[in-house]
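By written order: A, B, C, D, E and F. Residues from 1 in each chain.
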């Protein structure tokens, strides 16, 4: 079958067999949930509750006035124990609401169903999405309401639903597509209505043939095109996906808006459908718990605010040899120091395996594998050196800010150089400098 | 102006402010004429002569020269002495003069000389300028001597034309060629820096 | 005195003084330098036309001079040709001598060269190169023996030896000599050699 | 469960199987046929030169790593061994052994460590050593002996290219037969003589994708075109492209030296420019220069251009509008 | 006559040259920062390029623009450097002498690791991955400040914390900028009492992370409320001059030694 | 044809920097960035061309006729200095952009031994007018080539882990040595 793809990129081991055939199952809500108020890209939410407050499941507990933000909802019903800093999978502790679960899952009474979701107007859909605290569930946690509000001068013609799940090990999106195809497609239709686009393209990597066949059979009446893509990393990266499917190139520093496209993850569109159809805000998500270090890998639907430990315990606990714990996929995920961190909206996977404790780093021999594989057309080894030596303006002029940190360069680097880490250092330093200048 | 003792004024040219190793001045002659020790010495002496005399002259007439034409005047003064040195060599040491080619006349644009006039002689008394010039040119000769010795010994197995290496030694012809000159001087500069930082460390 | 005037006066004065100084030095060294040059030429002539007592310039143009060497009796005993051409790196200036009839080359002397030291520069080496030029047949163009041989006996009458490893430099010297030899013959034939003593022929 | 059981590092957490030593050892393996050929043609001398060159390179490398407080595992990444092998392969078999050692020390010192070690060097280390020796000991470096399998009694034996340049072999019809060039039954540098052995190794490297195919292809095609034009205009004066392809150091240079990743350009376009430059320079030097062989100089010369080539042939960033 | 020609030639050359210059100076004068001329004057005018600029004037311009260091001319030697510095120098008024202080006592023994850190060993890089230490506020111990110090005044102590050499520190602030966790501060040299912690959490979390963390208990603030206040669970010395020497023992009752004197022997 | 060989030889074979060691100070000093190295190279080429013309005129119209060869040094340097200064002032006045690109390198060139060396070498080799000019242009381009190559390499080496004592002039000289080594490949090419 003819598949589409983008230039460069890599093909790491997929390792998806462990979970690709296990259906999604709900993780029992733990006794207490710790819900960080900052789980998304943008400004943090302010707490709406205080210690001792009684909350319902789905009740809004955090909100920000900023446009670039998302609300936070309680994932259980119970009592607020404290609002205090707590460990966060993204690094530094942030304020979090700890709620003791009364086990009743009493749904917030103000939650409303919408009878005929597909006939709602765009404004309404955006409003519901914003109110439901939906963010991109692919990992970046970009507020979805923002994505649904393209600037007036940039008309959107195509909605791309990202079903690639190009990261190794992860299969939660795969399962979602198999188990909730109608929700996903209808959610996509809602996005199309909200943005005024003409068509929807669902991109799936060709290692998910079963999904492709299932969806072909369904014969949806929406303006939907299902496209098979080559199994290649990072097929799911926004700009590369657009180039693979539409042969359109997002300009440097630009957004998919600039070429008339909105990209949404399958999990996100499902959440949109749920929010509009049933009124359910985003308080749980599908994720994969897998890797050689997990005793029995599973795909779970997890309440936001459950601890990693809860999910791992449910999957039989960690193997003794496991010495790395990662949130997200192995290519872009974040290594965790402890399982005592809450699941957040951006947690697409909890992975563990055994990693060698010694990294042998050789000198860069300019083998240009990083250049060959960089999906963004950068020269990572050079950027790495600029970053290392603090030549920030050179790094910037040679495109360090275009780096999406996909890790293709480092994956293919025979010298074992932590390229991505260096590039992140450089990018952050440049951002710091700009912030300082504008301040 | 910080006043140094006469001794210190002299000594600084040998190492601390050695024109070649520390200040990277006069690179062209240093590279070009050091393929044999004799050439190096001749070049050094010519520079010595020019630097000292022009330093004395410049420092003694410094007050008369308006600053706008001082560079021009210095050049004329230096050029005069260079011409004298050049003619003298051509007349009495024709083989050396021949092998040095245009490099004796080029002393006139040697940064060491013009630089010292501007930096020192134009501001200091005749005596101090003389001492400074002596120090600087000794430092220059020293550098020429070191480089030319290395190059001649390795490149031809001789020192001042006398065989010093045994018959087993195969001369490294590269040393008398441009490539060898560049590489040797590069390594010498590094050695000078190492010595400098070591002595600094010891002082601390 | 305003600034411009002072500038002009001072610089002119400096110019004048240095001019006089240089004039003096110029005068003092001029003869000596000319003498050096002459001695060098004379030594070379003596080398390539042995037995020369006096010599005179018979023909001259840019970078090409024919000297006539005369013995004590004033008889022409040979021509010494000063010539130059491009070598491996730079110009090679040399002198070679012939008998008055230009039938043989007496000897070769290299005056100036900047060939690779230790390699091409061996063209100045008597033992390795120059001795193979003694008494060569000048009737036709000379040729180079490649690869090098060790003794004079192995060479033909119009063959000269190569320097091992410096074939090009040897070749260049050969072609300079061959060209100049041809030129010498032509000039002589055309009778352009001035003040030639006809008796010598 | 203790707090510090887990490894902390930045993504990505997966890594491909390629490693620097693997790449380097692939190159070493690819050199084996040519090395074996040189043992066959030059016997014990070949062995001695290889041993000395490689061990001198390794010792020099070790001294520098130690002095500069660099990780010692770099010693065995294979790069010093390759330098030693390539240097030895480009030396005349009759070279005296202390010169071999000087060459090896110079290769590692001036070719590599003055720039900061592997990866930072601008020039191919083996070629720096080789060029140094060529200029330092010109006579020793141009004195050849015939292979033991082809005993011709001449005191001064010349390489096929030397014959072409200095004996006007083309005019006399005395060009070394292509068959000898192909099998390597000729005089020349240790590892350069046998074209077939080198091509075998090159095929392995190309199969392993350890080298950029554009570079040898570019060099060989431009040289073929260049020498071909002259050959067609005067076959009695110039040698055929096939001769130029098989003779001298072209194959080892094009496949094993010009392709050195550290010293060749990054982008594909850059690789083409670089390769064309090398091929053209080889042609010019072989046909008009003072030296019979120009591979070494050409590669070194183009090495100096690599930073400029890299600067002006940077790959286009995704979404970047062309400025032209 | 022969003697006169060179003399006249030289005289003429000098004359033409100086006249040309004189005219040029008047006709072709270009306005510029007078400082450039002054600095140019102070330079050797060798135009040798040893400074990396295209000439003495270019170097002077670079100095004025702040691109080049005042000691960038290797030819002129010390005198030139002093002169340029004098021209460029702004006379510093009487200011309180400050020194950089490391406000963290999370040494290798006190502060726990967050995991086995295998990333790039600089503080900045470690901080991006959440740090190698359990305490999210404390010193990471990779010595970015050491590298940043242009005066060689900071080095890593044996306990994994940087040490500032008071004699060499010029309070330039480079280390303050370099520290990704902002635990270095320029403090008046005379200030002896400091809070050696930046942890904003309360109670167990800081205690778990580091033995020497400020747990926000407020004992010190209660002992000396006029000088010390609590803010975001952290003790802050508002005004060290107001600390009553008699209250020091009470302040130093801190259960974790997060607040204390630098040199106990100096005071009562 | 002769002029062409002279031209190529001046660029490649007898390169001013790599063969004659002339102009080393700017070669080391202004070779840190490619852009400034290129401007410097152009400025040198420009001045060299002028110098070639002017020095030939002085030599053949004044010095040789009056037998004043010992005034070569002083007259060449004075005229070059004056000329360069005038050109500099002139450019500065009429075209500030050109001054920024080229002019700022001019004062540095006055005392550049490459310029003086050109005048002296041309006189020494007794070149005719056309040859002198070709020699001047060729040598200038040769200088440009060398300095731009050097700058390219040094920009790249900026990212390298060059041993501390070799940083700066040390490594630059060694690179120059290796480039000179590579350039020996061209020797013997002039016929």
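Quick note on the criterion: contacts are C-beta pairs under 8 Å (C-beta built on N, C-alpha and C of every residue); 3 or more make two chains touch, one makes a residue touch a chain.
As the structure is a computational prediction, the values presented were derived from the model and not from experiment.
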Partner chains that chain B and chain E have in common: C, D, F
Contact-graph distance - origin chain A, target chain D: 1
Neighbouring chains shared between chain D and chain F, ordered by label: A, B, C, E
Farthest chain relative to chain A (centres taken as mean CA coordinates): C
Separation of chain C from chain F, taking each centre as the mean of its C-alpha atoms, in whole Å: 31
Chain C-chain D separation of Cα centroids, rounded to whole Å: 44
Distance from the mean Cα position of chain E to that of chain D, given in whole angstrom: 49
Centre-of-Cα separation between chain F and chain B, whole angstrom: 22
For chain D, residues contacting two or more additional chains: 3-10, 110, 114, 117, 119-120, 132, 135, 138, 290
Where chain A touches two or more other chains, by residue: 323, 334-338, 357, 382, 418, 421, 424
For chain C, residues that touch 2 or more chains besides their own: 3, 7, 10-11, 14-15, 18-19, 22, 25-26, 29, 88, 116, 118-119, 168
Full enumeration of touching chain pairs: A-D, A-E, A-F, B-C, B-D, B-E, B-F, C-D, C-E, C-F, D-E, D-F, E-F
Complex interface listing, chain B residues touching chain C: 35, 64-66, 68-69, 72-73, 76-77, 79-80, 83-84, 87-88, 90-92, 94, 98, 155-156, 171, 173, 176-177
Chain D to chain A touching residues, read off their complex: 1, 3-16, 18-23, 71, 73-74, 77, 79, 117-120, 212, 261-264, 266-267, 314-321
Chain F-touching residues of chain B, taken from the complex the two chains share: 24-25, 27-28, 31-32, 71-72, 75-76, 79-80, 82-83, 86-87, 101-102, 105-106, 108-111, 114, 174, 177-183, 185-187, 189-191, 193-194, 197
Footprint of chain D on chain B - complex, ascending: 170, 172-175, 177, 179-180, 183, 186
Parts of chain A lying in touch with chain F, wherever the complex brings them together: 382, 385-386, 389, 391
